[in-house]
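Chain IDs A, B, C, D and E follow the sequence of writing; residue 1 opens each chain.
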């Protein structure tokens, strides 16, 4: 064995290939799950709102009824902020959108590709808490991606469900469209 | 032969076996189902040249057969879509499981898993699998017609009729949210929904009372290329004859 | 259908069209659309992001007026389905109806009002609506009202009402209503004949569903004829009857898709439909066949002078065959006989039509189950007047007036006369003599290219309206059309343009059309229906009714109610059916041309929709281009085969088309589908195929004034070129079913 | 017979038939001279060689462009069509896999049976196997619609929790081809080690550096030789079942479906025999060309051409028989759809291909029965090329021709290759020839050590008055 | 500690070599001290060496067994770990599993043969070795390693007696 290895050791090509492999593997592991906060058009803090006692579903109100949890309309924001801290800087920006009747172009944080079917409704209605997938948003100022929502991640959770339904949840067309 | 399914632990759990019955006596070849399918499933159009070469992407097509010669000539219509075979020849040959058998009897096609070997297309005796030869084109603003429940398939991917699986999923989810069972006739694929003569009926073959089961038991019932043993989920009722 | 509508069916149908019409429905980011969310500023009440909202409305892809439901997601229409509650189509919809969403999102739509820099230049300049309307007003002021003409296709009822009131108020002549679709289905002749024979200008409804024998003369009711979805539905029921599947006989020179599903196809010569009907009636009465033969003796006078052998000879049938058909009819319990569009499109069309309808009388089928009814007008006839199509003779008169300089201003709505009228009629040349032409077309079609100003109409998915089903269903029904999306572009509904013009003109016009907006007009219409005792839904107030009217997609009777035709114009007087006449000598032009409406293209208005272009014709499986159907024997004789390009020459012109060897056509007839051959009309339609209407001679049936579109003879010349038609079917397969 | 009898006269003395000398390389040349006879031509590259290299490289580059074009625009540009979902690419794939079969046939089978005439041509045959398989190996990549996702066919643990479907014949195919490629490349390389050492010892400059690395420090010690021979023996035994299974697995790609014209139990045999037939033919062509191009008349003698010709003929007869067997079964089965297919081949659209195939395959079989034809390099070249055309067309008929017809006549189709697919197919032919040409100039084409070893084994013995070869069992 | 030297001689043919080796054995030189280098393989024991026990077949068998297990794991175990139903077939069918298992067995056998033989013959090894390029010209080299210095003369004589040429204390050279 030692002879072979010693022979190999003199092969810079093999060394280089090994190095590349290591970099790719390490890079792959490290790059997963990194959270990068995105610049949003408005300084909105989830932390502040939740600390003030608000429920996620107050704003993301269609989560129990629809595929999409929903981002509140400008009207909804204004509903409170006409009276609450209307003078702060970010409220002025909000006011601007309202006056121009423009939607707020929020940056997406979590995104599924379009061949994936995901509906909030069954997940939320079956008692799954928002934090399970979105992390502890109450401690985030800006919403951040807390997990890499890839197929294995979905399946890991689906596999842990009740034995009677878990195989159903492994059916490809449940999530693929 | 369906007993072989019981070897597989994932197939025993399901209550449903979705199926379709098509009464050829009622089909008038009106093409409503064809356009309906295009609209529901974001099926691309390919243009005249490609169509002339035989590359139309219709997931559902009306086949027209001639019989006899003038003046005793007859024409018959037969809508043919993916037959959703129980023992589907296409499934076993896919190297990456892009097509597989769902536990409700559907021959599922997972577009984004497809690498485009076209083996399934060669293996399908009905030639009902459509390949995306090019990226689909939807000149603005035609892309706004696209159904968000169905992904748009890029080039190099096989696609086919899914029995409008997105509709099945939606109805099931709605029924679950309302805490009830799915009722017969509640799920309608786009073709069955639009069919003006009600020639196409969709339902659960496991439910002996469903309309589709009743039709499947008809003496007129047959399946396409039955002798190949593919056990299609589509049942045809052959055209009748009136004697005067 | 018998009980009141359950709430359940309509949970998802939303009546909040006002919201869709007025609120800002900005597309919310659906999954996978870009990297940003774009939420609503003010959400419409009923909209749930990502969830579908269904709006009930009315289909306008043909004049049948089916009820539809439109699935909209985040403010965008996605899919059109039939409205299950609407009695006419009962949740079903045809290919063209399904494709309607592509007229909304068509990439070639006009996005604003435009002015053309010189007619035919195809160079358009956007104009502000106010400026455009000012220009129209100025013109309206300056010309003699009697020289203003409104030329329209079969209009929606609401628009017809507004336009005719407006024209009356300003002293202009009534609108000229003519389009190819109506001509090909013999709509004008149907109404004319109904008025003369039954005393009411209403479309007859044939109760195929409950008949046991159906004899149709060229009525392609499973394709495009009159109300194809309703008739298809009826055909399905006809085949599924408990008592047996019925017997269906189709008489026409070409095996149409309708004939393909018939139990028997009788390939009669063109133009002999009425003669065959006469012979059948004569045989039934002379030989006292069945009950009809006995009871029908009182009608013997109608068949005086009918010589069966002569007719058999003229029709190209054996006498025995006529006897057999007569026996089948007479011995049936519930037979019905249907005169089709091809019958009407002959020089003897009107007489033939009467002769065929008379069979229903002889067989005692008027107002009987499985027989003939009349379309039931809704209550409040004052508002719900149906547009009566004009005859081709009326159009010829208009062309003469245009040529004589008696038309100074022409409005064109919903019709494309430059494409649809035979070239030999000279409409395009006459149009050049009209000083000011305004088109309301949403697309730049052939007629719009010849106009000065285009005031693009919204598509029907962005418009208000209502439609009385005609031919109707088994009960009175009024479909409600409401905008399901906010207009995509700066286009305006023609109805609102008419209202604006009337308002700006003031005086009688403003008085005749007092409504400030289309919606107010619609509310008024609904309030008339509100009082009816037949309401299918409960509404306490007019406001509630108006909401329910929109939510349910219209109003209809909660129980079946059909009007029996009274035979006022028939009896003892002999029915005269003249021998058909044809343009072109039989020696130079040995073949008769049968231009037929394609099931996907209709009369050509579907040509700009890619879905329809790619949908294969059911019989030939050809898409995207014009073909000519030739009997294989004829083709063999002319040394032609599939995919050969040939020149088809008539005394009036010539076109090119590609050969399809078609086993189901008489050897002395060739058939060409109508719909292709557009010069303009968007990228999907332009320069694709040819238009057989160009070949037609502008000859009419002297009795009805209808265009005899089936009465032109042609010859075929080889070009030695081939064109691979986009056929779904394999030519090698020879139409066989299976080889297993 | 009488003629040959009359030639033998007493006065002729001892007769040494020409082929005996040829076959056994009975030469008095020293080892050094043998080395130089092999290494010399490798360094002689004339303008014709470089012209050919440039032309072939250009074709190869053009094919790469066409492939890129196909990836960018979509598979539609290749002319493949529903229902002819498998066209030129799979045809060419099957063709190359077929070509690859001669290498093992020559070197492994003949090694086991100790057929000594094989010695000078084994390396050429093995190299042909390796390069043909490399070209074949490109096709799974060329053929898939989304080549950038092709790694999904590789079994490895992943975050999708998905494995490939081992029930798919394509997976069997991929693994079998990989195994065969790995096996035949290693086999080639192992037998090459001593010659690389020889080349190293006889070269300077960059060639020395190259051979030094490739030779891995081979010296030729006694146990080394012994173990190498053992390994080659094991290889020969292991690779033969692999070689038999590879093409039968390729045939299962077709035979396991219910597609008419594909579904037949005789195909594994037909494919293997066809592969040997076409592979040996390709070897015949290559030997003639290399012999001429490198002036290797010393090593590659007419006897070798004669023997290869004989093998081609025998394989051809065998192929003809199996092909006939599949035909007769279909004919008598008389299923309607098969009848259509046969009609199409005999007198329909595919008739030109069918008759090309018949003529191109059968005429060489007949002509190769004549010794004079076999021993004429130019005739052998023409006939073996003809067989390869014929066998390519046979695969085309089987793969694409069958797909033109199926159970539902409504869905029959058409297929017209485009410039893209033709360019890509041409690319693999150009690539094969190019790589093979470069190989002949870099690697000793004739296994010199085996030739030298052969001399240890050969001798002649006088039987009556004829000097006949004898073989000494030294290994 | 006796001083040892290395000795190398070249011979023209196999008979001379084996004869010389016979004499060298007589000097008490052990088998593992003698290396014969040739340009072609000679039959075993032809040059006087003892029988060498070759491990290669066992390496190949072991490799094949590993391949068998690997193939079986892939084709029969993984479909059960990640169950997906196709065509109504069992999750892992016998025939496909047999094919996959067979091919992997062969693949591993091939690879283990290759690696095994390289291992056995100590390549790759690029370090300096006793060698003479004349070997490729057909001569046989006999290398005596670790020869006690006192036997050099006798060994040289033995070689010379049988036609040995260029007998010397060799340097290790770069191959």
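Basically, a residue touches a chain if its C-beta (ideal position, glycine included) is under 8 Å from a C-beta of that chain, and two chains touch if they have at least 3 such contacts.
What you see is a predicted model; the values in this text were computed from it and never measured.
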item	value
Any chain in contact with chain B as well as chain C	A, D
Graph distance between chain D and chain E, where chains that touch are linked	1
With chain A removed from consideration, the chain sets that still hold together	one piece
Distance-maximising chain from chain B - centres being C-alpha averages	E
Most centrally placed chain - per-chain CA mean versus overall CA mean	B
By count of C-beta pairs in contact, the leading pair of chains	B-C
Whole-Å gap between the CA centroids of chain C and chain D	68
Centroid distance [mean C-alpha coordinates] between chain E and chain B, Å	63
Inter-chain centre distance, chain A versus chain B - centres from mean C-alpha coordinates, in Å	35
Chain A and chain C, separation of their C-alpha mean positions in angstrom	53
Multi-partner residues of chain C (at least 2 other chains)	31-32, 50, 728-730, 734-738, 740
For chain B, residues contacting two or more additional chains	9-10, 53-54, 63-65, 89, 92, 94, 97, 100, 102-103, 113, 148, 225, 228
Residues within chain D bordering two or more other chains	161-163, 165, 167, 171, 216-217, 407-408, 410-411, 413-414
Residues on chain A engaged by chain B in the complex (per definition of touch)	113-115, 117, 119, 121-122, 125, 164, 167-168, 170-174, 176-177
Footprint of chain A on chain D - complex, ascending	158-162, 216-217
Chain C - residues contacting chain B, complex	27, 30-32, 50, 73, 76-82, 89, 91-99, 101-102, 104-107, 213, 222-223, 228-229, 232-233, 235-236, 239-240, 244-247, 255, 257-258, 260-261, 263, 265, 267, 328, 488, 599-600, 610-616, 618-619, 621, 623-625, 631-633, 663-667, 683, 688, 724-730, 734-738, 740
Complex contact set, residues of chain D against chain B	73-76, 80-83, 85-86, 143-146, 149-150, 152-153, 162-165, 167-171, 174, 253, 256-259, 262, 403, 406-408, 410-411, 413-414, 416
Chain E-touching residues of chain D, taken from the complex the two chains share	30-32, 35, 155, 161-163, 165-167, 171-172, 175-176, 178-179, 182-183, 186-187, 189-190, 193-194, 197-198, 200-202, 212-213, 215-231, 234-235, 238-239, 241-242, 245, 249, 449, 452-453, 456, 474-475
